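Both complexes shown next keep chain A, but they swap its partner, so chain B is in the first and chain C is in the second.
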Partner chain A sequence: MRWRSPGRLGDLTAGRALRTVDRFRRFLVSDHAAGWAFILPSVILIAVFGIVPILWGLILSFQKAGLISPEREWVGVSNYAKIASDPKARQAAVNTIYYSALFVPASILVALFIAHALNRRIAFVRFYRLAVFIPVVTSTIATGIMFLWLFDKNYGLANWLLGKVGLGPFGFFEDPNQAMIALVLMTVWGWLGFDTIIYLAALQGVPQELLEAASIDGASRWSSFWRVTWPMLGPATLLLVVWSTISALQLFDEVFFVTHGGPLGRTSVVVFYVYRLAFEQGLGSLSLAGYAAAIAYVLFLVILLLTLAQFWLGRRVVHYSS
Partner chain B sequence: MSAVAEAPVVLTRSDARSLPGETGMVERPRRRFLPFDPWHLFLAPLAAVMLLPLLWMVVTSLQTEAQTFHFPPILWPGTPRFGNYSEVLGQSAFGTWFWNTTVVTVTVVASNLVLCTLAAYAFARIHFLGRTFVYFVILATLMVPLQVVLIPTFLIVKELGLLDRLGALVVPNLVNVFGIFLLTQFFRTLPIELEEAARIDGASRLSILLRIVVPLSLPALATLAVIQFLWTWNDFLWPLVTILTNQDAFTLQLGLATFQGAHNTQWHLVSAANIMSMLPMIVLFLLAQRYFVRGIATQGLKG
Partner chain C sequence: MRRRMLVGLVVLGLLAAACTGGDDDESATTGETASGPVTLTFWHGYTDYEADSLNALLDQWNAENPDITIDPLFVNNDKALQKLTVALQGGEPPDITYQYGSSLPQIAEAPGLVDLTDWVQSPEVDWEDFVAGARDAATFEGRVLGVPALIDNLAVVYNKTLFDEAGVEYPNADWTWDDFRAAAKALTDPANKQFGFSYPMDASEDTVWHYDPLLWQNGGSILTEDNSQAAFNSPEGVEALEVLTGMAVEDESVFLDLQNSPYTGLFNSGKIGMLVTGPWDLSSFPDVDYGVEILPGFDGDHQTIAGPDMWTVFDNGDGHAQAALDFVAWLTAADQMKADALATGHLPFRLSVIDDTAFVDEFGKTIPGVDVFAENLTNVEQARPVLAAYPQVSEAMGLAIVSAMLGEKDPQTALDDAAAQANDALALAG
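Let's turn to the complex of A and B:
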């Protein structure tokens, strides 16, 4: 590029400018510019839709705010203080803990057994795997519709089949005492394939030599499973425990669609309560979005601490082979 | 070890096999009560239970309304009534929902493939100022659950004037941190020699990415594509929150939920609508099962 000299004084500035241009050009072909050019679109999007909301949510949790009205009033920590004395928040917390305590162990143990059963070369195993995996791709709404119909109090197939073995009839989603159990059954059905795939992958990573060695030493199948295979599945189990707990604590779609928190609020879980506060009541003039944000942040904190605790515990218990 | 040292005889494979007490897992002689593997006794009923909700939905979708309200249930409707399907198409905006979901899903998947590939390549291969820091901050957002950012993201989308439009479903999902993470991990496993050779030959970063890295990464890209497809197609909470009144912007899940609400006693129609909504996902799953399974087995993520 040619640079026109604008005179003596200009020469100096021109020289400096030339050096600047040169440096800029070198920067343009450098790895720094290339790297940032590659990540820039993603970084902007993640900043706007990932990082700003995290900070904004924190700010909102200290405000009295609705979603539509632009008024924002600082209320300090009173949103957080309110949670402790809110009976509906307490009920949501209890329901969430109840659900998680049932869902996490049930889904993981059943998946472990199924994965063990599927990890062999027998006829139709591809079909069996397919049957277990298919619910992974059905949406929560589709699953909800299927189970609402299957568990219909009057005309459902489940009550008919259970009646054949002398059980029921059950109210399922309409019975305050059974609704949560029915939700657990439904979500376990939906998640089994996911957990099974993880366990199956882990099982296939167990070295055959180890099992053969155990067998040579006279170990029964039962003890070689618990002494050899189970410890090797440690990392997979830890992943599933952490992952299932996180998703159980965030249960929403199923509750919103299938029970809408009922009957008698017995399935109202935390995220559903947050949704109701912000979008069903807060969208109007009640200005509960700030309070909802505070609850969401508390749940986030609980999830974070629980996850750290699980990893900390896991690190002491789980054996990593490589 | 000492036992081997003391033993004067060199053990060969065949010797080892004949040692007393040795029984390989495969060769262990077992009494057989059944003409087939006993695991079938568990797996066949399991498959039946897992498929039952789907099969029952198919059966119901082929019944008349009167048949659905019969107890004990009618297990096979006699002459299957395919008319339920056309009735759903006539009574609802199913076509619009389907089209909207397809547009949103295809856009989101395509944009994720492009943006995640670019960003992941930079994080995996290019040394630039702030790389580690930015990567760490981005990954940290993965830990924050959706409900924390739900309200503020809603407000941002509202500020951008996207509420009640398909844009609200597309723009915030154009890039997914999980995708960046997945591809970065994958790119790091690729041998760097090819890229170095191309670099010496004067190829630009972009052409290295397009001509060398992308062709080697097709399985990883397919995995990202199917997982992202699954998430976007089945997403419910975000459309529920952002598409408030505009029925022309309903997605399949949103439409299906409202359809069920409006026809909650017409199970023959609800079933038919549900089957139609699930079909694309199930077909995709049957075609690309490998990538779904890989996507879940490697990183372990559902919706």
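Let's turn to the complex of A and C:
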């Protein structure tokens, strides 16, 4: 906003007051005010449920504090220093990395395959597209109950079917070495629809003439997919890699409901460990909420750095068509 | 830049508003005495027929006491501590809330929690009439912080039909754990997906308290006498765990319930021969002809473990605390305890009620087997340590039991590893 001085007014103070009032009046009728009025409800929600807790968590991470006990003690960075020597935090970090390393590529590759299969003229294609998306809008609890029964070691459908072809029985969620893989299978199924829709949209944006040109030049379907389609999907792939990595590192609901970190802590991921410390074990005089907040902040920094790195990498390898 | 500043201003404004809001609330609730009728918020975790019984009592109270109205709210017991945490952060705890006894150390420092030490000595409470185990569990570091609301204990519940089919004799009060193990093995039929026994494997406190009676019967203990060190990895503790691993790993006669919930349905459909569980599960077995017997023993010691839950009171000012105490005293008095026990099968835990033979006879007819659980309260000899670091001790023990029963570690190694973790937690808590 530019302000032109009224100039001739002698009394400087009165001029300033008038200027302020006038400026405020102009602001009220400007697009700025209207814009802010429109987004105010979301600004308030984001502030109350986002920014305030984020700042409060930052303060908490420098204190020895429990969520019930009123006593707060400033301890500087000692909460952060403690993390490196905590074997359970290390286990949670390893579990989280293991999960993300499986979940991100698996969900993206499967989604790419299904999107490609659905991106053609076949009968009932709308039905298939709908079916793929339904798990995304199904609640985690319902998905969890279903998979618990499906993957039950003794009575589950999965083991019954695998038994028919001479495999198993598998322990799935009950076997310490398989629980994380079962969790990956469940979450890939649950999130597949989202990734598929993104890829479907991107596939439909691939210009037909490029593919035609490739086939005229003698490219096989396989090489025209990898040389033409795949590069054109770059922006979508980058979006999905970033998005999936962020959600994988923040995994909580499925662990909380289905495995509760078990068996033997093999599915105890970072956010679940933070919850256990802050809301289950460290409520009273143990005062572990500050320590939990410190872990949460380290996770935040890791996600931030990883995301920046992904975008930086993405700028160098992803091809954006005009 | 300008936009960022505006966001900042909005945030600051909201913060200011939030702070003022909090102040208003406080000044509104810090009155001294009741200035007229009060309504008390009351959290409980009862559903179904248990809630019917409680609501009948609440109706009776509300009719007799127009000045004190009780406003009940259902809160899942497993998450009552988390919900209380949130309520305390908001500065509005309930006047009365149901909490697990094991949560007392966690809420001991909560602002507004009413210390009941002096009040329980008043005649209206008749504190000495509660069984000793319940009074101990309500006391943390010499302060009484709750009034016993419910006591459970563990006993063997068995499927008579499966025993008959397998030609195994029913459990009796002189059983050893070897007898128990042999019966579990005989009742197991892999082809039919039928198991002799089921064990909660979620590594929670439920996993741990099923193991504690074996440990105690065998002469072991959870911690040293001064609560400073782990003691469960003693030879007695290892031997106790070997009973469970022998069944789970060698005999494969145990349904390892990692979710800790399918077992009720499986027992009710005749897939499990024996459970070690409490009276709360009996109503889930309408399809099974079951019997109840006290726990097997080591060397004739058949002691069990009690799980007491508490009513805790928070002071929200304006006479609420006194009104809440009056209500809790009434709710836990002998007459109300009898009415609730007959309606629900909840075990009575006032000596005057347990000694009332006419009542006990009638109580035994409510749900088959509850009388065994009621008598089994006399087999409670020890309580779990009530201390702030207990949740971490429990977590270490739970993981040890599960890893040994899954065959991942041998019992000695599992318990030694857990003892090291527990000792770290105990040292940290001071």
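Here is the rule we go by: the second predicted complex is superposed on the first by the 275 of 322 C-alpha atoms of A that agree within 3 Å, B and C clash if a C-alpha of one lies under 4 Å from a C-alpha of the other, contacts with A are read in each partner's own complex, and residues count from 1 in each chain.
To be clear about the criterion, a contact is a pair of C-beta atoms (placed from the backbone, for glycine too) under 8 Å apart; a residue touches a chain by one contact, two chains touch by 3 or more.
Everything quoted here is computed from the prediction, not taken from an experiment.
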Judging by the criteria at the top, classify the pair chain B and chain C on chain A as clash or fit.
clash
For A:Gly57 in the superposed arrangement: first (chain B), second (chain C), both or neither?
first
Touched partner set for A:Pro70, first chain B, second chain C, both or neither
second
With both complexes superposed on chain A, which partner does A:Gly262 reach: first (chain B), second (chain C), both or neither?
second
Now for A:Phe173: first (chain B), second (chain C), both, or neither, which partner does it touch?
second
Of the partners chain B and chain C, which touch A:Asn154 in the superposed model: first, second, both, neither?
both
Kindly classify A:Ala131 by the partners it touches after superposition: chain B alone (first), chain C alone (second), both, or neither?
first
So in the superposed three-chain picture, is A:Ala106 touching just chain B, just chain C, both, or none of them (first/second/both/neither)?
neither
Compare chain B and chain C by how many residues of chain A each one touches, and report the one with more.
B
Go through the superposed model and pick first if A:Ile197 touches only chain B, second if only chain C, both, or neither.
first
In the overlay, answer first, second, both or neither for which of chain B and chain C A:Glu280 touches.
second
Hey, which part of chain B ends up inside chain C in the overlay, 41-49, 239-247 or 293-301?
239-247
Identify the overlap between the chain B-contacting and the chain C-contacting residues of chain A.
36, 43, 48, 51-52, 67, 148, 152, 154-155, 279
Name, in rising order, each residue of chain C that touches chain A in their complex.
6-7, 10-11, 14-15, 18, 81-82, 84-85, 88-89, 105-111, 193, 201-204, 255-256, 258-259, 262, 388-389, 391-392, 395, 399, 402-403, 406, 408, 428-429
If we count contacts the way the header does, which residues on chain B are in touch with chain A in the complex?
21-25, 28, 36-37, 39-40, 42-44, 46-47, 50-54, 56-57, 60, 68-73, 115-116, 118-119, 121-123, 126-129, 131, 134, 137-138, 141, 143-156, 158, 171-172, 174-175, 177, 180, 205, 230, 233-234, 236-237, 240-241, 253, 256-257, 260, 267, 270-271, 274, 277-278, 281-282, 284-286, 289, 292-293, 296-297, 300, 302-303
Could you please specify the touching residues of chain A with respect to chain B in the complex?
31-36, 38-39, 41-43, 45-46, 48-54, 56-57, 60, 67, 114, 117-118, 120, 122-125, 127-128, 130-143, 145-150, 152, 154-157, 160, 189, 191-192, 194, 197-198, 200-201, 208, 211-212, 215-216, 218, 239-240, 243, 246-247, 250, 252-253, 256-257, 271, 274-275, 278-279, 289, 292-293, 296-297, 299-300, 303-304, 307
Per the contact definition, I'd like the list of chain A residues that touch chain C in the complex.
36, 40, 43-44, 47-48, 51-52, 66-71, 148, 152, 154-155, 173-174, 176, 259-260, 262-265, 279-281, 283-286
